[in-house]
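As written, the chain order gives the labels A, B, C and D, with residue 1 at the start of each chain.
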């Protein structure tokens, strides 16, 4: 068991998440982690590796195989004053817990007029691109964004993973915390000593690349794809500003609209299907708030409106660099544009 | 047809006679399974039970009346179920934590709920009233069965705190069909959580007889999960007290979860919106009327010379005072202002909702003092 | 038991739905109805009243109290060649079935490359405005719209209720069928003899009022509110075109965009919270397809992003005539407009 | 700590000895509960069982090998579980309908799945291959427990058709914790549906021992739902055959659902991604190796003089032919074209998706023949 606790280190996102959990547990003895296979096995992605040895079975709880049970008992633990961190083994297995999340976790604070708090963090290994089996590559974030009472965040790098997980656990509100599986092994520098209060709040977006022509909004593993697209576009003389939303609910519209007012053109990319997805929310709010600054319709580059396809075909579903650049072309009114649909 | 469950609500589950210590006629019986938990119940204790059960019944009648008069949006009558509700809650320690459903008015009463707590949510003014931490009662649950998992989780928390409290999950016969209730049993058994499941089998889930939910007596399900269980006469306040004491003691002393099936009956409609004549016979209701929980306790107290006019007058006065306060709480209720609908969604600032509040507030300001709208 | 089967009749929406079910069951013996209290009681809204007597317990199935069980067994019945019509008792009780709907009902056709069909209709008494208790006034439609593989419709009048329910049952795809509780007692003329093939397909929107200045999009019980708003606006010289979307997935964008191209201004209203809701989807697609025709940013008039409030306060949550007209003013750039948020 | 389930996988559930008709040493035993269902099994039948189980084991080994060689994305090894899978499926009638989980390769084989059916979905080419209506097998289910409800619904359909088929739901010990599996038992019992639940208790759900899921023997849960059940030695093909015949007969003849717990063991990792050394001992695995289902059947056949080199060679040839075809099916697989990801979302035209197809098709056309992308 390696216990990473201080200093600066180059860590994979997986290790950074583990370090964040360990730190949160060390800082607050009311923090518990629970889920399927998270104890002895350390989770199927090993994120909780070593925690059982370090904190014991009272705080690292291997649960029965039942997601509603996991979230439902977490609600009870929260009522008792604990801060449960729940692991849902894969994105596609969160649905059995949907009722407990939507009707209980999200609503108890409101229903009790603030008397009950639900400081529950629901960690979800998330999204595609890893060649996984059916139900293992889902992007369900819009369901939770549409659910009032939840906060929803998605991380894109080890430092955010470490810091935002601690912030999520420290939040008195429930947080659905999306971890891109595709990035679990991606490395980055992590400052393990930073105080979470000093870090950017979990609710803020980050401009990860400055640009002037097009605002490219995304989150999670798509941030890397967006950065690649921005680099490729630069070669063609197009300057793309890339924003990592980090928080999907609330969205940091201050940062987003500032960029859009500057560029006047927006492309949004995510893996989830587009219909009533996160990009739709962004476009609606951006249009409302920046209409007169827009020089072209904001465009979506998303997964198709299909169930997640088999692994060998996922590359045709996931929005890649080419599809993003195609949209950039269109938003800049360059060739390849699709005509408006005939009425 | 073989694939249709029997629609007779008094069904196979009555093959196992529930434990009874007080007959419908008011005679005290003995039963070795529960005697040790009932023998110390003196007349004062029985009068206390009677008082609370009477209060529960009057509160229930008042709830129905207030709904009929348009003061409440809805009410879920609990008439007939007073014994299990009151007796089980009275058996609890003040620091145990209870997770009721929408029908457990008697539980709230015993825990000290104020008259307003009984009416304001049914009136539609608030989703819940009392502070759960103060009463040590979760807000009554409407999503069938969801609270059983909360109780188990709470009980897991008790274990972690090294405390000797117990969590109590209340639910109905219909709820036993929900996945959540079964998962609650799995978790409770696996973790030996100090939780008592109190299933009030009132024979009906709206129009569905218990036989649609359970082909086998409900209490028989728990042992298969590794949870000891008991069927108890849910209209017998003495047996309910004793069974609950046994269950609480078992859970409190580290024995793990216990499951009680209280066999009772919902005398009224499912809610004030329901019309039970569509699905059950008057005969059936009459049969159960003969097993009334209050009547039998009154008969016992009378036989023991512990029930006189003064006591009756005293109980009536208490009930009247409470229901009068319920009535005024309903009638005098002032609805919260428009902007309050945005309160308490989050415990911490939320940029999206804060912006929405700003806009809605500006919008509302646009009306000035004219309640009637901008036009 | 009244058995309404032929001719034209003035019916409440509730009776029209019952007549539609009866007709569908009479036309196709593989049609079954199932749910909690739908037999002897006829459902808590009496929509299935009389069906048990008429068709017997083999086809009118009173189920145990378990929504996942109801939808899960409906999947099995569909695999056996039946066409189950499932009643979810209230909108707020669909969540325990979410996993079966999202992972099974929506996906089985895709997963089996078309070999398995899921002709399941999921009827949901829906939305607020009836002074109901907690969890009885939910508007969960966006969750299903975001779920590929499902069709989603919402009815607004007795004739559509009758016809579209029959179309939904006849569809070989799963349909989530939303019935506004608020309208169960609203009456309207219903042609009971019409062939469903002759009626407008379920997927088409309907222009319910012609107008030239603003396009007002909505569905369900909000259609009536929108019509009231249009009437009120007419007095002020504003001509509103009201479109009843009817189908939420797919949206009939041909009809929608034709109107927007004409008016250049759009207001969308629904009861559900706005964040990542149906209106966001509409705005994103409209902006994409009609950007150069838009003269103002499309505006949303929706429920707040809050859990459904207590009954006595729901009037402050539901978008009423005043809030719609306020948005109409803003989209027309008339006083009362809100300034863009400062950056 | 009292609140932690025991982590010994061979736990309380072994208190009830499963029914066994063939010992690990290959000796035939008698048991009055099942004899009538086994006595007619002649040597040909036993050789048939052995042949299919061997095929299952080789197919499993080939799946693992293909995954290791990068030909498959994943494989869920079933080694050790061949007896219950093969015997139960062989006991079914061709028109019964089976609902397997991802691990029931043996079930697919018995039902006549083609070699390609065993590899293409694990390779990630398709979500499922065979036509469920043809094999009368639902696509293998990954969402734990979901298929149990499908089986019950299918069985309700059988009743409505007045047919005498049976639906069979396969699932694991871990699945018993899921709400869906418990709801399936509720529905099956209430409607007396002709369904057989086959729970392969292989003692592990990934890293969780069965004791985390069940504080009590799993087969003991069903009777509480009103469903007769039996624990059977899941590594004993004769007992599995007999138990399944009993169960099918019970369900087929209108007796309603039956629950079988097949006590077996997963010899390999949960999937090829798993590392079981992190959570279980070699000792435990070795103890179960001594109970191997194939070895004991071979021993019996040898003792009866019904196992010779010719038979072995014949079985080996069959297996080799099948696994060779599996291998080529994997290696020769051609991935479907990009636009195919939009196929079969809906059975009927869908304006939204049709428009998306038009756009995606135009986009793809933009690349011309150049696979490498537009730039």
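To be clear about the criterion, a residue touches a chain if its C-beta (ideal position, glycine included) is under 8 Å from a C-beta of that chain, and two chains touch if they have at least 3 such contacts.
Quantities reported herein were computed from a predicted structural model and do not represent experimental measurements.
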{"item": "From subunit A, the most remote chain by mean C-alpha position", "value": "B"}
{"item": "Interchain centroid distance [CA atoms averaged], subunit A/subunit C, Å", "value": "30"}
{"item": "Inter-chain centre distance, subunit C versus subunit D - centres from mean C-alpha coordinates, in Å", "value": "40"}
{"item": "Whole-Å gap separating subunit B and subunit D, where each centre is the average of the chain's CA atoms", "value": "43"}
{"item": "Overlap residues in subunit C, where contacts from two or more other chains coincide", "value": "58, 63-64, 66, 68-69, 92, 96, 99, 103, 107, 110-111, 134-135, 148-149, 249, 253-254, 275, 304-307, 341"}
{"item": "Multi-partner residues of subunit B (at least 2 other chains)", "value": "3-4, 126-127, 143, 156, 159-160, 177-180, 183, 186, 190, 212-213, 345, 352-353, 355"}
{"item": "Chain-level touch network, classified as line, ring, star, complete or other", "value": "complete"}
{"item": "Subunit B to subunit D touching residues, read off their complex", "value": "2-5, 156, 159-160, 176-180, 182-183, 186, 189-193, 211-216, 220-227, 254, 256"}
{"item": "Parts of subunit C lying in touch with subunit B, wherever the complex brings them together", "value": "36-37, 39-42, 44, 57-58, 62-66, 68-69, 92-93, 96, 131-136, 232, 275, 304-307, 309-313, 316-317, 321-323, 325-326, 336, 338, 341"}
{"item": "Complex contacts: residues of subunit A adjacent to subunit C", "value": "68, 92, 95-96, 98-99, 102-103, 106-107, 110-111, 134-135, 142-143, 145-146, 148-149, 249, 253-254, 257-258, 261, 272-281, 283-285, 287-292, 294, 296-300, 304-307, 340-341, 343"}
{"item": "Touching residues on subunit D, where the partner in the complex is subunit A", "value": "1, 3-4, 7, 73-74, 102, 121-127, 142-144, 174-175, 177-180, 205-208, 212-213, 273-274, 278-279, 335-336, 338-342, 345, 352-353, 355-356, 359-360, 362-363, 366, 373-375"}
{"item": "Residue ranges of subunit C touching subunit D (in the complex, touch as defined)", "value": "32, 58-59, 61, 63-64, 66, 68-69, 71-82, 84, 96, 99-100, 103-104, 107-117, 148-149, 151, 171-173, 203, 249-254"}
